[in-house]
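Got some structures for you, see below.
What follows is chain A paired twice: with chain B in the first complex and chain C in the second.
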Partner chain A sequence: MNAPTPINHTQAEAGLVARFDAVRPSLAGSIAVTALRDAAAEQIKATGLPHRRVEEYKYTDLRAFMKSAAPLAAPATSAEAKSVLDGFESYGALDRYRIVIANGTFNADLSDVDALAAEGVTVTDFNDGLAGENGSELLATPKMAGQDGTLALNTAFVQGGVVISVKDGADVSKPVELVQVAVGEGAQVSRNRIVVAKGATFKLLETFAGDTGAGETNVVFDYDVADGAKLAATRLMAGKAEGAKLFTTLARIGADAEFKALGFLAGPAFARNQQFISFTGENSEAKIYGVTMARDRDLADQTLIVDHAVPHCNSREFFKTVLDDEARGVYQGRINVAPHAQKTDGEMMTQALLLGEGAEMANKPELEIFADDVLCAHGATCGEMDADLLFYLRARGIPEAEARTLLVLAFLSEAIEEFDEDTVTEELGARVRAWLAA
Partner chain B sequence: MLEIKNLHARIAEDGTEILRGIDLKVNAGEVHAVMGPNGSGKSTLSYILAGKEDYEVTEGEIIFHGENLLDMEPDERAAAGVFLAFQYPIEIPGVATMEFLKTAMNAQRKARGQAELTIPDFMKLVRAKAADLNVTMDMLKRPLNVGFSGGEKKRAEILQMSLLEPSLCVLDETDSGLDIDALRIVSEGVNKLRSPERAMIVITHYQRLLDHIVPDVVHVLSKGKIVKTGGKELALELEKNGYADYVGEAA
Partner chain C sequence: MPAVQETIDQVKAIDVDQYKYGFVTDIDSEKGAKGLSEETVRFLSAKKDEPEWMTEWRLDALRRFRTMEEPDWARVDYPKIDFDALYYWAAPKSVEGPKSLDEVDPELLATYEKLGIPLREQEILAGVEPKNRVAVDAVFDSVSVVTTFKEELKKAGVIFCSISEALREYPDLVKKYLGSVVPVTDNYYATLNSAVFSDGSFVYIPEGVRCPMELSTYFRINEQNTGQFERTLIIADKGSYVSYLEGCTAPQRDENQLHAAVVELVALDDAEIKYSTVQNWFPGDSQGKGGIYNFVTKRGDCRGKNSKIAWTQVETGSAITWKYPSCILRGDNSVGEFYSIAVSNGYQQIDSGTKMIHLGKNTSSRIISKGISAGRSSNTYRGLVSAHKKASHTRNFTQCDSLLIGQECGAHTVPYIESKNASAVFEHEATTSKISDDQMFYCLQRGMNEEEAVALIVNGFVKDVIQQLPMEFAVEAQKLISISLEGSVG
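For the complex of A and B:
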């Protein structure tokens, strides 16, 4: 590998280097963890923020977007976090448990720790894990993520998070909302390990409350789906936001397991939802959905790699994007099929609806297949709203704005309905309506 | 109720002239049949009544209930009482049929200053009228027209029409793609809607629909013009002799 060429730091990069020096002593972790943080910070210092000449960030130039590095958000009290939560609407009256991360660190007071324990779910502070013997294991990243800049930023600055362990065979009765709460402005960097043990069933709702101002939000969700386990994760990022929203999924899926995920992005000026998913056991299924809406000059990016490293697994990737004004949408999806991963079934589809004449979609679905006995397909479409459909609805008396709403909702609903999680279907539909009405 | 005066229209995109001076007056309570060979402009006329943007009116006017129809948006026309049963109803994936029906009915009610229907009232209405037209609950549970057969689509159109209770029903080749039984069911549905306050324009290529929906007036459209108007016996004559006579006349 070539040594990275030294770069001229942007203001944000210089700020990040200074931020790291300032916070390093106060960040959690064993000596091994600190070494990983140092290496990640060194990477940022040497190569800068990911930018358009890095293949994976070709359309998503974080370096150009980030004008400065806001300080990390200071620790928040329970009362402060609670008051933000009280004014936060996520899933309305849905019966659910809650786990709260406030300004990047776990808040046990506001979390349903005891009730979850009774259901076989333990929730512990990520920072306790980082300080422990195997702390560095919590920061492990998969090979396919390479030198990913978003992950490096997370590793360097991670303030905390949770480790959620669902015990063998547990079937948790309610979904669990894992909410990242921002109290005051500032960058939020957290990491969460979710372990769903053998035969367990778990539904996770990932939400984001409060306003980080210009500070970036960088959250890693690291899932271990054991043999025979089922995990459904819904990531809901809705509402206007000035700072970059950077989300990373790392998932390992054991044998006979099911993993379902839907990433919903609507509103932020700059959002990237990236996922690195690998099958580690046979006869498993991953269904990955994306629902993306952007307007103004905003950017929303859904990027993923699904690694079929073992035979007999199915994956489905279905992404829908609606862009208005001069917004930019990005879909980069890759299915890897290893040489021995026979009988892989992969079906990837990305569809974009352009409402604004200046809107642009970069659709890049890819297959990298090294096995011969597989069934893999990919497709991409991009178009405007169908005038005949619109006319049909209007001819029945539905006013134009409402007809458009119905059609956008219909377009996005295909992904929401295939995701097929009753607990979120209605709320996500309401979010689409809210976005359209805004 | 409806008066079309010297209507000329062309395709907006390429300027091809389709309608070349149509005059048609329809009173409340009347059923007018518009017949004519393929390509004579029957669907174009129906689309222009409903407000499709693909066509540009270059001359003439359409007065509906004393108002200038051409000044109204498609949804305004619907709320004012115009209903077009499409020749080719399109499938709308992702829009649930029931949701669509409720949205359309309430949108029209709202435009007319009426209160929204309650869910039970709405359900009751749909159930009763769907049963009449042999539209099954299974069809209503599907997205709009998706996976419907040709005949099911036509029955669904008439169901919409009977729920929306328009004052002007425009039926564009509602008989095409229907077998005898379906034709009877659809015709009964249409006949139920005949009333002194309501007018109908029944567009068809064949006479057989007019055995079931008996018209008061029959017009022959050829090359964008009405070339002959008569009573219901005109349809029978056309059935026997074909359009050849009239196609010649208009040329």
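For the complex of A and C:
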């Protein structure tokens, strides 16, 4: 291979390189971690931000979107974070625990550390882990992610996060909200490891509070679902935002385990929710859902790879997208079935509803199959609102605007209902209505 | 679900070691133009007595080719091709302009007979109903050796001849349309083809004419170390109709051989072109040695309103297949169709699919693709369906099923579905249970089980077209059609 030819950096890329040089000394981590950060920064320097010539970012041109590199958000005090949280509505009155990441770093004061400890959940600072002996292991990325640009940005700049460990057999009584709080403007980069040990049950609510301004938000959620464990994770990103929202899921699912996830995107100018999920044990199930809404000239991208590396696992991927105005929606999904991963059952569906004349949807549902005794299916549909359905409702006296709202709600609810997490169903429905009313 | 025994047997019957057309014709032939250079291109052009503009056109393509890089995005793996080790011209010596069949080398006629291709007009007349007659253009290595039924076609106003002849006889038509669908710089292999194409077929159907018989070209690679670069150009003028068939075979050799063709179709207002291929190039032996590299660019342009282009392909041969017969649906209300059955065995690698590019209003397209992989082969469907901003009320239905037999093969599906118009309705599915609910309901209601119903509906689409292939082309196709959908994996 030839050495990569040096690229002409965009203003944002040059800014990122300068930002790394500036913050490098203050970033946490052992020598091995620093080496990983350096390598990631080198990758950004050499190849730049991911752009449309990179197959995985064909429709999601981060290089074109990011005009500049905002500085990393400065550390925030508990009082500052609290005042942002006080004005933040997430799940209303839902009875839940809370873990707070403020400006990329763990804030123990605002987190229910003791109450969670009593339930068998330990919460520690990600940076403590990074400084420790096995720090670099915390930044490991799966092979299927390749040289992913979003992950490289995270590795280079990660400011902190948490390690949540749910002990064997624990059945945590309440869902846990893991909230990323932005105090003042600036880029937020955090990484979180969630370990659900054997036979444990855990529900995670991922939310994002505050306004990062033009700064990007880059958060990695790294799940370990051990044998017989159950994890349900709901990622809720709602509200207008100027900076790029980049989320990455890394999940490893052990034997006889259940993993459920829903990614809800509504509002940001540029959002990418990418997921790399692999089965490491047999007889497990993964159900991945996506609910995406975009308008104006915004872009929302749901990308995932589900790797059936072992036999006898089922996966279901169900994604719904509603696009208005000139918004662009992207769905890229791939199911890999490894040789000998027999009896795999994978079912992928992506559906898009285009409300605006200028809206654009790109669907790319891929299958990559190397085993012969499997059932894999995928489907993709894309179209405008069914005139017959609309007529039916209007004929029954429902005003057009309301009829449209009903139909969009019904369309998106299919995914929310199949996700079937009663703690979030109502809230997500309300978010859809709020988006439609906006 | 695993494949049923019947399917396994049928696929085995066409396995790589069962290749029937692997013989070599021992014929005195002339080879020339080794290596890719300006001289080669000039030699080719001179050999064919081409007009000056054509030579320039080729040279321009060669210059562009020099600046291009070989694409590597397809899921195929092969050693680099040394374009300078290839011969770009090989022709049977006796071929210098035979005026009638009697002048054609009997050895050649025997070869085609062995391949089941009738070149003798009277034989066809004797045995078969007139409406089932097929006019054949037989291309042997670099040249077209004979074109049958020319006179009769001429009466109807249809031009069917080799492209070399067309360049001499109808230069204006060729100049107007050549490269207008697949531009010279379209892609690596198309550019190479533009520089060095040797022969191929030319078809022009005049306004309002329904071509009185099926047209067909049969390609045979015989010589060693030669590349076959044929170029086909079909123009259906307003309101005309033509059905065209293409078949191909090659001898069994240890080395890989390159076949890089370009096919351009132009359908004007209300015209319809049906293009069917039975691709049976030598697939390599059971150890993966030898075989044809089939790097083909096929594209149809529905240039006029209400025009229609349908591609049907049955792919069983070639060591590596890399082709995406596409439709540009430019004219309003135009229709594009793609039906494909691709079977890979041994070490074959197939990366094939289609592109349906909706530019006009009310355009519709349908894609039915069935891939079957066995042995150690890899079979990828790669397709694009896109609707342009102004392409309102477009429709697409895509269904791709694949089936694996054995544990060492792979089947992949890579569809790109890009909609830039809200009124476009695109459906892509690979589930066997979700055709159209109405159709399914209808069948189920009449007592069929679900699988029977699906098989009936999907095969209904394919059979429609395949049944119109003449017998000699339809043998493989028929075999494959009966393969059940059981065990489809999407």
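By definition in this document, the second predicted complex is superposed on the first by the 436 of 438 C-alpha atoms of A that agree within 3 Å, B and C clash if a C-alpha of one lies under 4 Å from a C-alpha of the other, contacts with A are read in each partner's own complex, and residues count from 1 in each chain.
The criterion applied here is as follows: a residue touches a chain if its C-beta (ideal position, glycine included) is under 8 Å from a C-beta of that chain, and two chains touch if they have at least 3 such contacts.
None of the values given here were measured: they were computed from a predicted structure.
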Exercise. Thinking of the overlay built on chain A, is A:381 touched by chain B (first), by chain C (second), by both, or by neither?
Worked result: second
Please indicate which partner A:407 is in contact with in the superposed arrangement: first for chain B, second for chain C, both, or neither.
first
The answer to whether chain B or chain C touches more of chain A is C
- Task: Using the touch definition from the top, say if A:31 reaches chain B (first), chain C (second), both or neither.
- Result: neither
Q. So, does A:357 touch the first partner chain B, the second partner chain C, both, or neither?
A. second
| message | By the touch definition at the top of the document, which applies to A:370: first (chain B), second (chain C), both, or neither? | response | second
- Message: By the touch definition at the top of the document, which applies to A:396: first (chain B), second (chain C), both, or neither?
- Response: first
In the complex, the residues of chain A that touch chain C are 55, 339-340, 347, 352, 354-384
Chain B contacts chain A in the complex at 50-53, 73-75, 77-79, 84, 86, 89-90, 92-95, 100, 103-105, 107-108, 111, 143, 160, 164
Within the complex, chain B is touched by chain A residues 387-389, 391-400, 402-403, 406-407, 409-411, 413-414, 417
Listed in rising order, chain C residues that touch chain A in their complex are 1-3, 73, 389, 402, 404-432, 434, 487, 489-490
